[in-house]
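Shared chain: chain A. Partners: chain B in the first complex, chain C in the second.
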Partner chain A sequence: MPLIQSLRKNRTLWITLAVLVLLFVTAIQGMSTKDWVVTLLRSLSVGAVTFLVASGFSLIFGLLDVLNLAHGTLFMIGAYVGWTVYIRPDTFVDLLTPAAFIISGFVLGPVWKMLLDRLRLPQRVSRIWPWVGLLLAVAVLLVILPSYPVAFWNVAQYDQSPVTYGFMADQGQRIIPDAASFSGSPVLALIGLLLGGLLGTVSLAGLGRASNSGFESASGLKIPWFSIISYLALILIGLAAFLFNDSITQFLFGLDTTWLFLFAVVTATLSGAGLGAVMEITLVRPLYIRPIYQLMLTMGLSAIGIEVVRALWGRPEFVMPKPALFTGSGEGCPAETLSAWLANHCTTITVLGGRVRVYNEIVLPIIGVIVLVAVWILLQRSRLGMIIRAGVQDREMVEALGINVRRVFTMVFALGVGLAALGGALAAPSTGLSNGMGEHFLLNALIALAIGGLTSYPGAAVGSVLVGLFEQFIIKYGQIGIQLPFMAEPFKPTPPLVPASTVLLMVIILLLLPQGLFGRKE
Partner chain B sequence: MDNILEVHDIHTNIRQYHILQGVTVSVPRGSITALLGRNGAGKTTTLKSILGLTPPSQGKVIFDGRELRGMRSFDIAALGIGFVPEHRAIFRDLSVAENLKIAERRKGDLARKQEMIFTLFPDLKRLIHLPGTHLSGGQQQMLAIARALVPDNRVLLIDEPSEGLAPVIIEHMIAAIRQLSADSTVLLVEQNFIVASQLAESYVIIEEGRSVKDGKMADLVNDPQTIQRYLGAA
Partner chain C sequence: MQNVTEQPSAKAMPLLKRAKDNFGSLVTLIVLAALPFVVALYDGQSLSSLLANEAGSSKFVQGFVIEILILGIFALSYDLIFGITGMLSFGHAMFFAVGAYLTGIMIKSFGWSLWATLGLVLAAGVLQALLFGIVLPRVKGITFALVTLGMASVFYIVIQAREFGEYTGADVGLQGVIAPDFLNPSTQRLRFYFIVVALTVLIYLLYKRFVTSPTGRVCVAIRENEGRARMLGYNTFYFKLAALTLSSITAALAGALHTLHQPIVTPNVAAMSFTVSALLMILIGGVGTLNGALVGAAVLRLLQFGLSKYFSESASFISGAIYVAIVLFVPYGIVGTWRLKRFERQKGWENLLKLMGVGKRKE
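Coming up: the complex of A and B.
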């Protein structure tokens, strides 16, 4: 009975899905099995990456009501960070120390809050000192950072540019550049970084207090051990990276590229999550009462992010080679069966007569499914997930239950941006790196979400797959032509029709179901 | 008698509107106090101001000797104030069990209170795995009250529990609220004067954002003039 009831209730949804399946079946009629298998797997690959962007975007929008237009840029930054860790581990290790030292101050947030609660400063002083402190911190860091040795590529010089490093690595030649060295005193530099970071973060905490003065915390007397311990841990990581710089770099360069790739993806995801958390706390949070400003903010951040990436990595596109696990060649390749692939790790594998790239068309969709299931379990089974689902519907009520929704906001923002960065790092070996890669996938993700219903998690998955299918099948028909009954010649869609087709799909679905496939009627 | 909750001359603005213009309410420990008044008088806003959901700009809110004004609402709630809002605010996408579970402030809250909650509302036990969407209005109201009972709350703020419910269910609701007031204090907003008069021991009348009259419910019931004047037909 419940099945029939749900069928009747969601009539339009099922009819729409049935029509889409019918369309799909007719679409594959004119194709050879080989072609449609390959195209189908490509669609799933695009769908998986789109899903990583879309799911994070919809989680953030659902709970926080923030349309994060910088999501595509953060996806791109994830790709560039992943590339850097993968191709230039030496740069990554060099950057680890200053990054850990400067960031470490942030985890002391609760300590600053407690100290500032104790310290009762006059109104005027507490208004001015954070700005002074912030300026001082910036000045200190500006003096120290340029002389801090980081082995870097050179965007202006072709043979030392990311393009060259990426290309050489793709050819199997890993260049290990010379290590940079100090021009001043290393100890002074370290102390300066530490002090600059501390001063900066305490000033930011002071700024936060000045803007909502009078707020008193209920847990003001507990000593925040957790944040003190994580502070010490970060300092230790920074020091270790400094003292054992050479051996860590050697170790990473000597690592099998599969492990290095995994490490790069994890690092990109974590730095994305960290970036997301910092972005939410410092920039998004003050603007919850002004949604339009938030929109402008994320738009501006997106533009700034793109420019920063251009300044650091340059404008030209470059490649990220696939890890060793997926670059086997020679005899026995392309692999005919899974066991043959396991023996040779071929780049390509034959599926039902079609030749597909293992990483792009097999691994990416699998990771997409893994992330889909993992986040689904997080949402359905954990307390955090319960709070997120409840908060999407009624934030005020969640707060009235005594739950610190703001902290959950930060976690969800970090999770969403982390997912985007993961998507970027994973997509990079298949799509290459370019400044515009974020915009493309953000547009895809937005269309996918509109199709699936903006805040619905299964909707994001279905929408992403549909967008992937439309995009890839139209591209395929651009090559082989589609036989339409009223045309003498096979019709070949031109490249501009590719994005247009997904938009058209969105328009049709929204006309039938204004809430999207899985959206809730308001 | 000592008061567990004291609201002293609070003023609250929502956007440019000055909604509360001096509300004073004293809630004696272990009793039921009713906030009465016409639609739009500011009763719901008073409850929300106590919780800090619409923070008051002036005045004092003192809970068990502690000033609440300036605190964030989740910190206020965590001190032991349960909220049963207007229109119930059940989480639709969560099952009945999850709706109760989410209200836990410490691990094991629900396990300890489960029996008490199910004796009070036997229906909920039967519906425990259904999503919130599938409940009727009365069942949602029971769930909303049950949710406020999961953690150790010392005061319950209950907004319009009888709204939109059938008379039989209202009877049940009255019995339940009376029973739970044995353990905690209740501040009740109620349009339905008959329900309020059956439950509350004392009352405060709010009109146009000001508290204008308070006293014992027993006196108010015998004062048709006041009822007529502030509450309309009774």
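Coming up: the complex of A and C.
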């Protein structure tokens, strides 16, 4: 009987799902097997990338109640960072030292808090010194950074622009640029970076204290070993990148592109997570009490992010070549079977008569499923996941139980942004890199979430797949046309109808089920 | 409904006191009225040439202020549903764009007279509000925002579609709308300017009246706590619909003015970014303050103008940074912060007067 009861309770949901399945079956009936298999795989690919954006967005929205409109931009930044590590490892290695030295101050956050708690200053002084410190840090960094040698591309010059580097690498000829060299004293530069980073982060910590001193929790006397150890590790990484700069660069350039690609994806994810954590601590945290301003803040950050990307990588679109594992060609291609593909690593493979690109249409959906399962396990089987799920249900209650929700907030924000950056780096080889890719996928993700239920994790997955299916099937029908009963010519949906169709689907589903397919009823 | 806060009724206030209370608005009005003449004087333009609408910086300034005021009316209408009634809608640009496109199409393709067109625009405004009203009882909060975004995006896509290109101009936009002679923005700009100023003042007063009316107080109550308002016996749906209708009509009117003023109406006025710019305006000015919407429109337009003039390349970077700074450091908007600091300001002013030896002594 419980089955019938659940059927009755969620009648609208089941009818909606049935109608969707019916639609899908009718859509398949109108095509040859070959066509629908390819279209289905393409939709899964779009769905996978959308899911990577949507899942992070929904985690952040569910726990923190922050509508992170900069998520699309962070996705894009992930793609550009991945490209940089993949195509220009030398730039990456050069940047590693300053980045590690400046960021290292941030991990000492608990230490600063301990020290600042000991510090008793008149209120006026404690209000002003963080600003002075921040200005000083910015000044020091502005003096040091331009003289620090970083091998960089040149956006203004076509033959040294990212477009050329991406294109040449895609053709199989990697340009190995000259290394940059020091103009001043290296030791002075390193010390300057270190001091600038430390000063900046201390000032930021002081600023945070001055602005919300009412919320401080007791820090106790425990020495935060973890942050000290990670600080030392970061300094070591920075020093190693500085001392063995040339050999690391050589090594990365000589690496097989598959491994380099993996490394690039991991780096992009980690830097995305780091960026997310910094964003949460410095910018989003003061705004939890004023929800609507978060919208404006994230929109502003989105605009800034797009401009930074335009300034650094230029406006034109460019490509990111696929790793060597998926670019095989010649005899035996396209591969007929999996074993044939394993032997030749072809770009394309034949599935049920249709030719599909292995990376775009096979690997991306698989990665999407892996991430889905991994985050699912994290949410269901770990202590952190338990806190997150409880926080989504009732945040105040979790706080009341004595759990440091603020730290969990930072972690979830970092996780969400990391997922977006991962999605960006993975999507880049299939979609290419452009300034507008973030907004496109953000809109897709928003629609997917509205369909699936804003805070529901499985809902994000289902919604993403639905969005992918609608988009790809309508594109396909735009090519072959739909035979409608009252029209002589087959009806061909025009390209603008693609976004309109997904949006319409969202509106209809929201009107039938205001909480989305899997959203929690209130 | 009884006013919970004790406000002195309007009749009891002598004229002088009212003028003193609305000092800022009065000054703004006088400045707006004098602006074309002052600029002409500064530029050395003669009065007759100003009245004949000859080219000059005064004409440019008039056009610029007209743009600001149209944006201001649009932001004002958004403030009514978002700042006063508390409904977050991402489809507000559609209200504006329907007014803009309807005016253009009716005048250009069907040769309607201006008055008939304006009547149609008002009717369309009511219809749009009813369209949003269909979804009002079903969805709330962020879901309402997404549904309205969806409706507006469909409209945005339709006006860009090639199938209707004959009327809407597809993705290029509507061009070649000839405004009637007596309102022509290039030959009769001064008149157009004063009409827009007068309309803005009228709409602003109407909105102020609406907010202080019993209906408006219920709208504020809905913003604060809808469940409680319903528990008190108000059918909140009708109040929300009333606010939505007023807002939609106003926005459509702003759109009509936009078409009359601009030589070309691009589809961008229906895009989400246009709604977002209205949101930015009222956040900059102060949410729920009404005059904050006008201030915000002026600040945003001046900012865009100045930035694109001096930092053509990185204008959007700087404006992004400014938004973030405003959010972090001026959280209640310009007008909101101004009102919050009223007491401190008064104290400071008294201290200053005391120092100068002319202050009133406290008895």
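Everything that follows uses one rule, which is that the second predicted complex is superposed on the first by the 517 of 522 C-alpha atoms of A that agree within 3 Å, B and C clash if a C-alpha of one lies under 4 Å from a C-alpha of the other, contacts with A are read in each partner's own complex, and residues count from 1 in each chain.
Basically, contacts are C-beta pairs under 8 Å (C-beta built on N, C-alpha and C of every residue); 3 or more make two chains touch, one makes a residue touch a chain.
None of these values were measured; they are calculated from a predicted model.
Legend: residue contacts after superposition of the two complexes on their common chain; A:Ala303 is shown touching chain C, with no touch to chain B.
Contact with chain C, but none with chain B, is seen for A:Ala311 once the two complexes are overlaid on the shared chain.
In the superposed model, A:Ile403 makes contact with chain B only, not with chain C. In the superposed pair of complexes, A:Ala390 makes contact with chain B only, with no contact to chain C.
Of the two partner chains placed by superposition, only chain C is touched by A:Ala450; chain B is not. Legend: residue contacts after superposition of the two complexes on their common chain; A:Leu511 is shown touching chain C, with no touch to chain B. When chain A is checked against chain B and against chain C, the one touching more of its residues turns out to be C.
Within the superposed three-chain model, A:Ile292 lies in touch with chain C and out of touch with chain B [touch as defined at top]. Within the complex formed with chain A, the chain C residues making contact are 88, 135, 138-140, 142-143, 146-147, 149-151, 153-154, 157-158, 160-163, 276, 279-280, 283, 287, 314, 316-317, 319-324, 326-328, 331.
Partner chain B is touched in their complex by these residues of chain A: 214-219, 383, 386-387, 389-390, 392-394, 396-405.
Those residues of chain B whose C-beta lies close enough to touch chain A in the complex are 51, 53, 70-75, 77-79, 83, 85, 89, 91-94, 98, 101-103, 105, 147, 151. On the side of chain A, the complex with chain C involves touching residues 67, 283, 286-287, 290, 292-293, 295-297, 299-304, 306-308, 311, 446-447, 450, 454, 494, 496-497, 499-500, 503-504, 506-507, 510-511, 514-516.
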